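One chain, subunit A, links the two complexes that follow: it is found with subunit B in the first and with subunit C in the second.
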Partner chain A sequence: MMSVFPSTAAAKKASRGSPSAAAAPKSRGQRAAYLFIAPLGIGFAVFYFWPLLQTFYYSFTEFGAFGGHTWIGTDNYVRVLKDVTVWQALGNTLIYCVIGLLALPLAIFVAALLNRRGLRGVSVYRALYFIPFVTLPVAVGLVWNWLYNGDYGLINEVLEWFGADRRYWVSDPSTAVYAIGTVMVWSTTGYYLIIFMAGIKGIPQDYYEAAELDGAGPLRRFFTITLPLLSPTIFFASIICMINSLQTFDLIYIMMAEKNPAIGDTQSVVSLFYKWAFVENAQGAAAALAFLLMLIIAALTLVQFRLQKRWVHYA
Partner chain B sequence: MRESSPRRRINARRINAGSVATHAALSLGALVMVFPFLWQLLTAAKSLAETAKVPPTFLPDTWNWSSFEEVFTALPFRDMLFNSVFNTVGRTVGQLVFCSLAAYAFARMQFRGRNVLFALFLSVLMVPSSLLVLPQYDIIQRLGLLNSAPALFLPGMFSAFGTFMLRQFFLTLPKELEEAARIDGAGSFRIFWSIMLPLVRPALAALAVITAMWSWNDLLWPLIVNTDPQKMPISAGLTSLEGQFETNYPVMMAGSLIASLPMLIVYVFLQRHFVQSVALSGSKS
Partner chain C sequence: MRRRTLLYGAMAAPLLAACSGQSDDGKQSGGRTTLSYGVWDVAQVPGLQKVIDAFEKENPGISVRMELTPWSSYWTTLKTAMRGGTAPDVFWMNAVNLQLYASSGVLEPLSGHIKSDATPLDRHPESLAKIYAYQGTQYGIPKDFDTIGLWYNKALFDKAGIKYPDTTWTWDDVRDAAAELTNPRERVHGMAAEMDRQGQLYPAIHGAGGYVLKDGKSGFGDERSIEGLRYWTDMIDRGWSPPQSAMVESKARNRFWSEKAAMVYEISAFSGQYYAVPAIKDHAGVTVLPKGRERATIIHGLANVISAKSRKKAAAWEFVHFMAGRKAAEIQASAGVTISSYEGTQDAWFKSMPEFDLKRFVDMLEYAVPYPSSKNTAVWENLQYPLLGSAFSGKGGIESAARTLGEQMDRALKEERA
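Take a look at the complex of A and B:
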């Protein structure tokens, strides 16, 4: 933590040297600093810190039919833990998380290919892979729904050439969650690709040259140089990926119509939260559910940090 | 010399074979990435009847661009695009102003409680957004701003990520510049505005570009605060097409193509800043 503020100690020492001379401008400087921070601070207070406390309060209340919150103790938490749909949503969310993480090996593989010396068109490839990430999620969801369509969809058509059966990918409870997960991987790979390309660029080229002189082939170089030296970046990316996929909402909302028979099998924690809070007006229970999600995110992040020592190499 | 030249030729040939394979793999991947958009364009140009054909046709029988006009009558499409622009500009300008001010103070000024405040601000990064939307909705409602333009961008104008990113940049600037300016009699704000801010322009550009993208694409918050179609941004507005026109795929595809276009154009022109902002968020923490 100390290194985060490298100038603090030096500045303290300097101001101690000439207390009387520094006093007046320093207090004026202090006031200026608070003025610089105030706009953001007020915004955070109103839209982040206060709402956090509010949600915590809401989670112990019941939202009445005519507005207003009544204190009901821990009932919401009991309801959340006893509700089958919550456990189902949790299970789905973990599936999204695991599928979502598949974007990482894909991105590493592409980044390693792009790292090839003298390869042309690197920026073109990078641009093409990144496009799905920049595109409006609604556009992504709509076109994939169309590709997945059971009657007229292109995916079924292609699979039929190979003798596979036609499927209703997004309304079949056994495939819907994977269909959505696939789109997630497709749309995020480009983002991680850029992170990994930046990470790989930081690996000194001499290592590769030395390994090549020793007769190490491309695979060997990948596993003994690229992967270990990239591990801090992989660690960071896996945390981001996990946190984001635990909050999956957009694609589910866009791809699953309300009457879809597979809706329960694809609902994530956040989409269930949305339904409770803004469709069913169960604000208290929704708040409790949101806190549960936060605890899960915090716990899993902590576990990742703990496991870090086993596989992350800092040069 | 004479000995090494054949070997070099073999090496060159091996590199060629290798790079052909590399290009083949990369192109295949790129095709998978881009194909859905191509399919979107082809579908938008088909007639409604043709989209229901089994097996699906690849190219339209006759190219029909009327879907691109129809989407403007099927939805308040123009209003929605305008709302998206408003939302995007509001959030981006807000973040640039508020985050750069605070980031500068955290990076370059001495004051009591700096570390505590900075840690507190950073803690916002760790809170899932769903935890905040219920009370945020209440606040917007109490301010009488539901179904208004400011409702879309108000909370999004304040960002911990932006503050953190800009602070990292301000930290790298040399101290001498500030000291020289102060001796010349410049005040804190003057130093910030005319000396330090221009120096972090690359970071500001990167933040602007990534904020614009998040704002244009944001879905959950607009769905909550603006339920009147006239007041929705396009990200939320397009979702209602699905319910209304369950089978009108050409119109849906045309609408989502038009709505994606602004960000794609921004991306093509400002690619460097996109890449920079992603790489920054990846390596500096």
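Take a look at the complex of A and C:
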């Protein structure tokens, strides 16, 4: 579900910190460097770039159920743009994206709390928050489905103590998308927490000490020191978070049964892609849909990079 | 130099492993050919193992290994395996997928084999065998068939003081009983009207005199079809059945097994599982489906087919031929697996669960409607649940939902002909 990249800020620092490598004699050293990055490069070419080109090509073809394809031009794209379910899935995906981003403030808040000087058992908390992230999405989905269950789920049980009505959280079209989004936030917060904790650690203590001498309270210190200096990390995390939320699939696949009446209201672009490509034999149209999603992700990421200048401060 | 050979070795290792893995599959380990047999129903596995044991005894050179894939992923897995060349040699086929597979040339044509080996295909119901023929060629041989029956909980009926359902029941009787049996305080519902195409939607549509698919046209917009669908949504709206949103989390049959639903429509193939539930085994009854405007139930059956890509076709045919015969059918029936489709072997199945009146499932044969299918059945079937979902959740609007479904299904049917 998630891929772990080094933070962009860290990467920048690393490249800046090694001017001597560029000045070194070419030949041997350089060849070795290329050799070392070759496996990754080959892997990238074979498993990412080649499939990307293939998908692009297939998006202009019609597939036989068991292989073989014919060129049909832009028909698939026309179908995708005309299909109501695509637009519905796109809307749902954006909802997931917005809910998914809620994990960031939550993670920053917890990270700031955990970074208080003298706090004991930090590693225990860190592990507790991180466990949901490394748990298999299948297990996460199954367990949450039990919690949400309308007949014997724990959540309804607790709500009943307070006099609230029982609900079928994941099969009621008005709540299902939020139910899944909540699980998404629950399972990803730990990942961003680790990133933010590292980011906060990187802020020099001197600033805090100086601010304390000037009489700044903890809230003030958080908003005038921590948050601005954390902004490069937040920027990185928000891009990763957005891309991952746009690609939501596994939780929906696990949590939404075929006969769930809320299925249309929770289907994401990727789960729709899965249905077209693997259930309905419409691989060509599915490829077009996947390519469209890639364009959307690229566009949104570009917008984020553009907006970066307004709020990201590199110390 | 040494380092380089080591490197090459390391690079070649996975390739070699892959090759040997493949040839191992094709090779006959210990002089035996091992066939893989793809199935999806875990409930049938023990019974089928008995059939396989009998086959292996008769054919010492061949062994059969069952490959169980759950229903929810059976077809996607199979399709991918077909492309990758790892599909089972023999596997289960259904009406929904036959035309797609046969027209794509991935199934071995069986007509020639049937003729030369005098396989008793004519001892299986003709309407069923026809499902597995495409453009005059037979691609599969039925192994069983199933119909839908009405299950009821005798204890709950006694408690409400109602006569048990019998062959004279009509939809009105069901509605009256459902109203009486519903007990909100104990969370008991008279009926569990689950949104399931084979078990509920199709039988009700035909019972109301409507149709699902006729001459390449959708019947969902038809007034009578809508009346059939309303039979179910009415029960949900009146609170006699839990809404679909509840049955996503606990299926109709689970509700029946835990005595929270007094009646349920169910496929005969599940009888064995009903029999295995101690709580209801001694007081569950089954009878024919109640009469709507017409009498109807849905008949469907599975067939064994051979992959055109199998490299062990001769052995695979031996197995399929054996499965088509009386002996295999009798073992299957007496093990209580499901109704064997071989003529005259059904008695053994009835006797395997004497507490249940299983004969009712076969009584319905004369008015049973074959399961509707076209070349790309999955496409229009996938439209059903998302479109009918909200009406089956007690939100109303079944008429417009069914009409929209009819239009979209017609579009899908038109596309598959193009």
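Heads up, the rule we're going with is that the second predicted complex is superposed on the first by the 264 of 315 C-alpha atoms of A that agree within 3 Å, B and C clash if a C-alpha of one lies under 4 Å from a C-alpha of the other, contacts with A are read in each partner's own complex, and residues count from 1 in each chain.
In this text, contacts are C-beta pairs under 8 Å (C-beta built on N, C-alpha and C of every residue); 3 or more make two chains touch, one makes a residue touch a chain.
None of the values given here were measured: they were computed from a predicted structure.
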Which of subunit B and subunit C A:236 touches, first, second, both or neither: first
Dominant toucher of subunit A (residue count), subunit B or subunit C: B
First (subunit B), second (subunit C), both or neither touched by A:116: first
First, second, both or neither for A:66, with subunit B first and subunit C second: second
First (subunit B), second (subunit C), both or neither touched by A:77: neither
Partner chain(s) touched by A:278 [first = subunit B, second = subunit C, both, neither]: both
Which superposed partner A:257 touches (first subunit B, second subunit C, both, neither): both
Partner chain in contact with A:32 - subunit B first, subunit C second, else both or neither: first
Subunit B versus subunit C as contact partner of A:151, first or second or both or neither: both
Subunit A residues contacted in one complex by subunit B, in the other by subunit C: 145, 151, 257, 278
Interfacial residue positions of subunit A with respect to subunit C in the complex: 64-67, 85, 145, 149-151, 168, 170-173, 257-264, 275, 278-282
Touch list for subunit A against partner subunit B, complex: 5-8, 11, 15, 26, 29-30, 32-34, 36-37, 39-41, 43-44, 46-48, 50-52, 54-55, 58, 110, 113-114, 116, 118-119, 121, 123, 125-132, 134-140, 142-147, 151-154, 157, 186, 189-191, 194-195, 197-199, 202, 218, 233, 236-237, 243, 246-247, 249-250, 253-254, 257, 270, 273-274, 277-278, 283, 286-287, 290-291, 293-294, 297-298
Touching residues (chain side subunit B, partner subunit A) in the complex: 15, 18-19, 22-23, 25-26, 29-30, 32-34, 36-37, 39-40, 43, 51-56, 97-99, 101-102, 104-106, 109-112, 114-115, 117, 121, 124, 126-136, 138-139, 154-155, 157-158, 160, 163, 171, 175, 187-189, 192, 213, 216-217, 219-220, 223-224, 234-235, 238-239, 241-243, 246, 249, 252-253, 256-257, 259-260, 263-264, 267-268, 271, 274-275, 278-279, 281-283, 285
Touch list for subunit C against partner subunit A, complex: 72, 75-76, 79-80, 82-83, 100-101, 104-106, 194-196, 243-250, 376, 378-379, 382, 385-386, 389-390, 392-393
